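Order of writing sets the chain letters: A, B, C and D. Residues in each chain are counted from 1.
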Amino acid sequence: MRKKSNIISLIDQNRAMLLVILLTIFSCIFAPNFANRMNFSTILISACMLAIISVGFTIVFILAQIDLSIGATAQFCGMLCVGLQPNLGWGLSLIVAVAAGALIGLFNGIVVVKFRIHSFIATIGTMTIIRGILHLYSDGGTKSIDDYSLGEFLETGQFPIWFIIIVIAAIVAFVVLSKPDIKTINGIATLVVPTVFIVLWLTTKLFSPIVIITFIIISVGIFIVDHTRFGKGFYVVGGNAETAWLAGINKDLYIILGFVICGITASLAGSIFAMRLSSMTARFIFAQKALMTALAAVIIGGTQLTGGKGSILKSYFGVLMFQILFNMIGCFGLGFEIQIFINGLILAVVVFYEAYTNYKHDLLKGQRPELLKEAQSMRL
Amino acid sequence: MPAKDNTALSGSRFSNVDNKSGISKLFDKAGVYVIALCLVILGIIVSPTKFLTPDNLLNILRAVGMLGITACGLSFVIYSSQMADMSVPSAMAFSGIITVQFLHLGFVPAIILGIIFGMLIGLVNGIVVGYFRANAILWTLAMQFGMEGIMRYVWSGNQLYPDLEPGTSGAAFVNIFRLEVFGIPFLIIVMIVLYIIADIIMKKTKFGNQLKLVGSAIDAAKCTGINVRKTVLYAFLISSFTASIAGIFITSMNKLGVYYLGEGYDFKSVTAIVIGGMALSGGRGNIWGVLGGVLVMGLLNNILTFIGIPTAVQNVFIGLVFIAVVALHTYKLRKVGKDYA
Amino acid sequence: GCGTKDKAEKTDSGKTSVSDNADGQSNLEQSKEIDVFSIIGSDGQPLILPTEKKEVPERPEDPKALAEEEAGHWWDIEYAGWTTEKENLPKSPADGAIGKKVVLLKAGDHPYWTAYVNGFTQIAEAYDIDFKILNGNWNMDLQSQQVDQAINEKPDAVIFAPVDATACAPLMRKINQAGIPIIASNTIPAEAAMKYCTAWTGPDDWGQFRMIARHFADEMGKKGGYAIVRHMPGSSPYFARTFAPITELVEYAPDMELLAMDTANLEAEATMQLVSDWITKYGDDLKGLILAGDGFSMTGTEEALKNTGREDIVVVAAGNCKTGMDAVKNGVCSGITYQSAEGDGAIALYTAVRFFNGEELDPVAYLPRHIITADDVDNYMPAQW
Amino acid sequence: MADKVALEVKNVSKRFPGTLAVDNVSVKFNRGEVHALMGENGAGKSTLMKMIAGSYNDYTGDILINGEKKLLYSPSISKKNGIGMIYQELSLARPISIAENILVGRLPVKYKIITDKAKMIEEAKECLETVRLEHLDPEKNISEISQHQAQLVEIAKVMGNKPSILVFDEPTSALSREEVEMLFDIINDLKRKGMAIIYISHHISEIYRIADKVTVMRDGKKIETRNITDVKSEELVQMMVGKTIDKFYSKRKGKIGKTYLEVKDLTRYGFVHNISFKAKKGEILGFMGLSGAGRTELARCIVGIDPIDKGTVMKDGVDVTPKNYDDGISKGFAYLSEDRKSQGLFLRLTNEENILSALIPMCSSKGIYKKRNAGDVVTEQIEKLKISPPNPHVGVGSLSGGNQQKVLLGKWLATKPDILILDEPTRGVDVGAKQVIHDVVTELANKGTTVLLMTSDLPELVGLSDRVCVIRGGHIIGEISKEKLTEESALLAANGEGSVFDAC
């Protein structure tokens, strides 16, 4: 009995990862042209934007908030990044774009905290505003530049050697400092995963620079949220704002910070996407789809709207799962209708499963094992 | 009785929180209509001769008629503290497509079928959200994706045209939107009637009164002998019912059914409802406020176009007004010591 | 795939010629023999129409420095592709089209695109071309992924209908660098992207709207105020179908006055509200309307005109869907542009076929321009979508 | 003497909108002493303590710690000054782990920034040991452990901060008897170590067991501070209520009728098994059981809130087993739930709406709700229960605990039930309100309503019940008649030890 439920909860907790694995295996076997390095690299690259977005998005979820403006923020900041590039160069324009993202996040945070508006509502408002500003700034047209060198570097380039050394050193330092306990699964994973990653990175062309950058952003996010005292505060605030307040954690500050981080990652995502393609579209559907996919991915990753729970890594797997799905459907040559249907189906199954377990849990809450044993003998 | 003076004593320690002055009570009651009135005055200032003409006012109403209808039903969902129904667009498109598809059976059967099929979506939502307490936003979003996929697949992304020959049910169907009764568009009459019915349901029926309790505290409602699941189910059914009606209107207006009709009506309706003073936390606000919210959105759009502000800037304005109005509502709630929206 | 079964029989001729391979005819000869010009589209017009060229005026020094009302300002967009120096174009294999593999990157789902794919499929079946369709769903992010996927398929050619005319440049460059020929279709890519495509086919948005602007001016007696309901922001018609008529009318009918222009995101309700508001605001000054789309924009406009009793307003619109044609027939609309969706799809693949056959291609090939009016609307019925 | 004072509040006041919750109170709390704080609901005890704990930044007056004046304007300032507080409402974050809850705000770190998980678990374990919960896995989430374990975790968390002044705000309301004993051991231990302890409770017996001093508050004012040895319990009650209470449990006058309610073999697997009992018309049937014995589950099964697996409920010889709770209500049942905040009241709505909430189906015909049909139940209940303020339009959330409980009772009385099940009707309710509730319940029984009383308050059980069923581990194990009913016999029976019970 107990063991069974343990396995189920283990599956449930790692469902995004399992889905990724299952989908990959399935596609490798059945989907034409799926299983090759080039395609895997494509999937990883295409997951980058949403992966970066979902770093901040997950944090906002952990805080028991939601930010519907991420898509619009990503689009607007990407537009800004491209629009300013001719005058400022990539570096400066990226900084400006990220600053704009942070400002949008700050606005969201202040509206939620100070005006006490539910974030679902407040960010619908922000989304509308950004949509207007986006249109104004772009004049309804795409912004682009003719220099593709950066985009090319992001997709196919190589990092300079010093960068590679720094990153590997950081990974090694982290692993050594965290003193993994080899007896536990977690400990083994802490050793194996970075090793596999480093080997793959150095020996194959699987990880483009943009993927590495995404990994770095995700790692920084995971490090802050899961491994620092400051980051743990997000969970406390989301889990129970009162606990946080009593423990001297400034809940308002955390919520505002959460939104700012969310704005920053959204703008980073948009900017990096814009850099990759040297352009940014003015079609708003870009923002809408980014929001919806990120939302579904984060939920499938196991983060809950009720707050206090969530993992950036699992969100990443959620994003990855969707990209594999899209790619697979493309490989089969199926239409978008199938894609959106499966998208909805997976989300529905996950949401329903979650609701159903809660429902069961509520129904059986307080059931006593010794009485259950008795009941079994009664029924026999 | 020994305890008697004690009660009286502690009674004196409470000043009556409910004692409000007349003006603030009026604002409490009128709520969003104060804002609507301000907009009307602004409109008169902007265009003294043209704004207050019956034609223009009818235009405003006509433009927000369908929004008004979806918001009317969706407010039941929000009132029951279920946040939102993101599947409104698919219910709209679905009912429209089904109606057009079945027009050959005759006008009335087709409409009925359209509404029934649209309400199927609400039924599923209601069962999953009401009975299993799934998160409403996420579930209805999944539903929206799924239905969109199904509609695209079944009708291979095509537009469905009704037969427009005069005298056919197709012509009658297309005429629904264009119908006028005593110079007032049928759409507006339907909308007003729906609001009156909704008001009666909310205030005068067992369901409506229990809905308020469910929205206020769902666990307490369960322990008060209210069938919470059924109540939430009904709320979603009502939402899909009005969405289906709006879907029939929008299909009739466009003279064709296609899967993307109704896009955007999810957020738009939520916006109108929240402007109207209904709180996401449930059990707050009333249906006339929602109508007010709908009118404010129509007026705002109209006046901004009058001033000559392009759509892009209008978005900025609407967003800002939206946040400001909601902030005002929550401020009001907080001032009387209630928790926020 | 979206191939429909009932059409499959039609292509028997194509199929037999493949099996006739034993006769010693080469693929090239066979594919040159196949006659696709006799295929009739669902609107009764030939599926493949003779394409047009157009005269290209001198490029101004600095187009962007000119005012938006001057035609020169839009030169780079309007005449994109004509003078482009192509880069690294793959050579034609010149070995015939039969049995080739093609990937169609279409921009998104829309009834227009369903018709487009219909036309496309008919040609594909005629030549027994193996094709795969990737649907960008109007989302640049999705299309950028699909480009990688398309390259990964290693097709003989890519038919590329970009979601975004400008942002597609790096995508086309990538396909080009993978050595795969591109036939761009429908939306004309910006100059930067034209470098990488072997050819482009599609409607001449600018040309058509200059044409319809003249028709519009004639209908209005070259005077009076008009307004423009624009296309969806972010799309290329958002500019083409706005500034082609504006710049044209400035020269052709200088007395006409542009009162307003705005987008209603191609929604009927929004258009109705917008047009109603304009009519109230401008009253009798408003004498004409140009619509960038003839579907929902037309429906909304029609309603607004009826509600305000202003059926006198002259309306012209783009595209030829059923709604638009009906409006022309009813006299609500005085003219719409002719743009065969099936033809759009067919010509794109046919151009690829010509490429496979080793024929010389024009860098830009427009679908023929035509204004459908009440006089000839019946020739184009039933509508394709 | 002066250097014994650990904490002193001087002329402190705190005002809420509409209430002066603490009115010019001055008290001294000594080291090495347990100082009890008593008073009716809404007397201002919690508010005074929250002030010390730094929950309010707008109090007036001075708070002195070790003779030094401190401005305790935030919980972290208070914590730094050595104040620890165990709150009346649990303040744990449910989705996160026990360890993180215990160490919230002071997670151990290594290399200055990285959290040290091993150390975290070790420290959490240490804290848990102080409340004898060392067997608990600190990585479990709070949502996975039971209510009383959570209460103990809360205590462990506060003690982990090593406070020198410790406040317990009604810590025992969610604890079992054994756990209470353990808690008292812990408190005595801490006292010996020289800590100043402030203890709030409504249980007079508890106060006599552990307190050294007692301060009584009423209506936000301090009444008196006394040594516990100098004060008799009647005196204490008098101070709390402001008047002498002659006798708590009035004699029953009504006649007990024939068997009215009969529960047969009621079973919900894993919760309650084979429950059978009979209750007569006009009888108050008590249910005795230790915490977690299954009384709440039994009540919920009888009225139909929870599904049952088998068994029948008969009323007046007719099978009325309810399908669900609305069915149960229409068949004359009413159940006053034990948790008024989350399961009883609509805190955001008014008195009137709360009292009428269960009446809606009865006042409706064909789905149309006619408020008129309810008549003046609202004023009737407000008067009968002496709800204060007696304004039907005041929000119930702003009422004191006792009055909230009265509203809850009023809601069920309004349905005029034939069978009323009371689950902890006076938990956390002050003496005055308790008196009113008892009177109303007795009168109800006198008029012929069958009352099932489930309470952990032994004097209440003994004082009110005509007969008591003993329930243990989900089974009814016996029954005690009125004659043999004493607090001792009941307690023994509930522990499964007594020989006093008659088998049913």
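One rule holds in what follows: contacts are C-beta pairs under 8 Å (C-beta built on N, C-alpha and C of every residue); 3 or more make two chains touch, one makes a residue touch a chain.
This structure is a prediction, so every number in the text was calculated from the model and none was measured.
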Chain pair showing more contacts of the two, A-B and A-C: A-B
Chain located farthest away, centre of subunit B as origin (C-alpha): D
Centre-to-centre distance between subunit B and subunit A (centres being mean Cα positions), rounded to whole Å: 32
Geometric centre distance via CA averages, subunit C-subunit A, whole Å: 38
Subunit B and subunit C, separation of their C-alpha mean positions in angstrom: 38
Averaged-CA centre spacing for the pair subunit D and subunit A, given as whole angstrom: 44
Interface hub residues of subunit B, defined as touching at least two other chains: 152, 157, 311-312
Contacts with two or more other chains, residues of subunit A listed in rising order: 135, 140, 335-337
Multi-partner residues of subunit C (each touching 2 or more other chains): 2, 109, 233, 263
In contact (per the touch rule at the top): chain pairs: A-B, A-C, A-D, B-C, B-D
Residue numbers on subunit A that touch subunit C, as the complex places them: 33, 36, 38-39, 42, 45-46, 49, 135, 138, 140-144, 146, 148, 151, 273, 276-286, 289-290, 323, 326-327, 330-331, 333, 335-337
List of subunit C residues in touch with subunit B within their complex: 2, 109-111, 113-114, 233, 260, 262-265, 267-270, 272-274, 276-278, 280-281, 283, 295-296, 299, 303-304, 306-308, 321-323, 326, 385
Residues of subunit B defined as touching subunit C within the complex: 47, 50-51, 53, 55-56, 58-60, 62-63, 66-67, 152, 156-159, 161, 164, 177-178, 250, 253-256, 258, 264, 298, 301-302, 305-306, 308, 310-312
In the complex with subunit A, residue positions of subunit B that touch it: 83-84, 128, 131-135, 137-139, 141-150, 152-153, 157, 267, 270-271, 274, 280-281, 311-320, 322-323, 326-327, 330-331, 334, 340-341
Subunit A - residues contacting subunit B, complex: 111, 115-118, 120-122, 124-133, 135-136, 140, 292, 295-296, 299, 305, 335-345, 347-348, 351-352, 354-356, 358-359
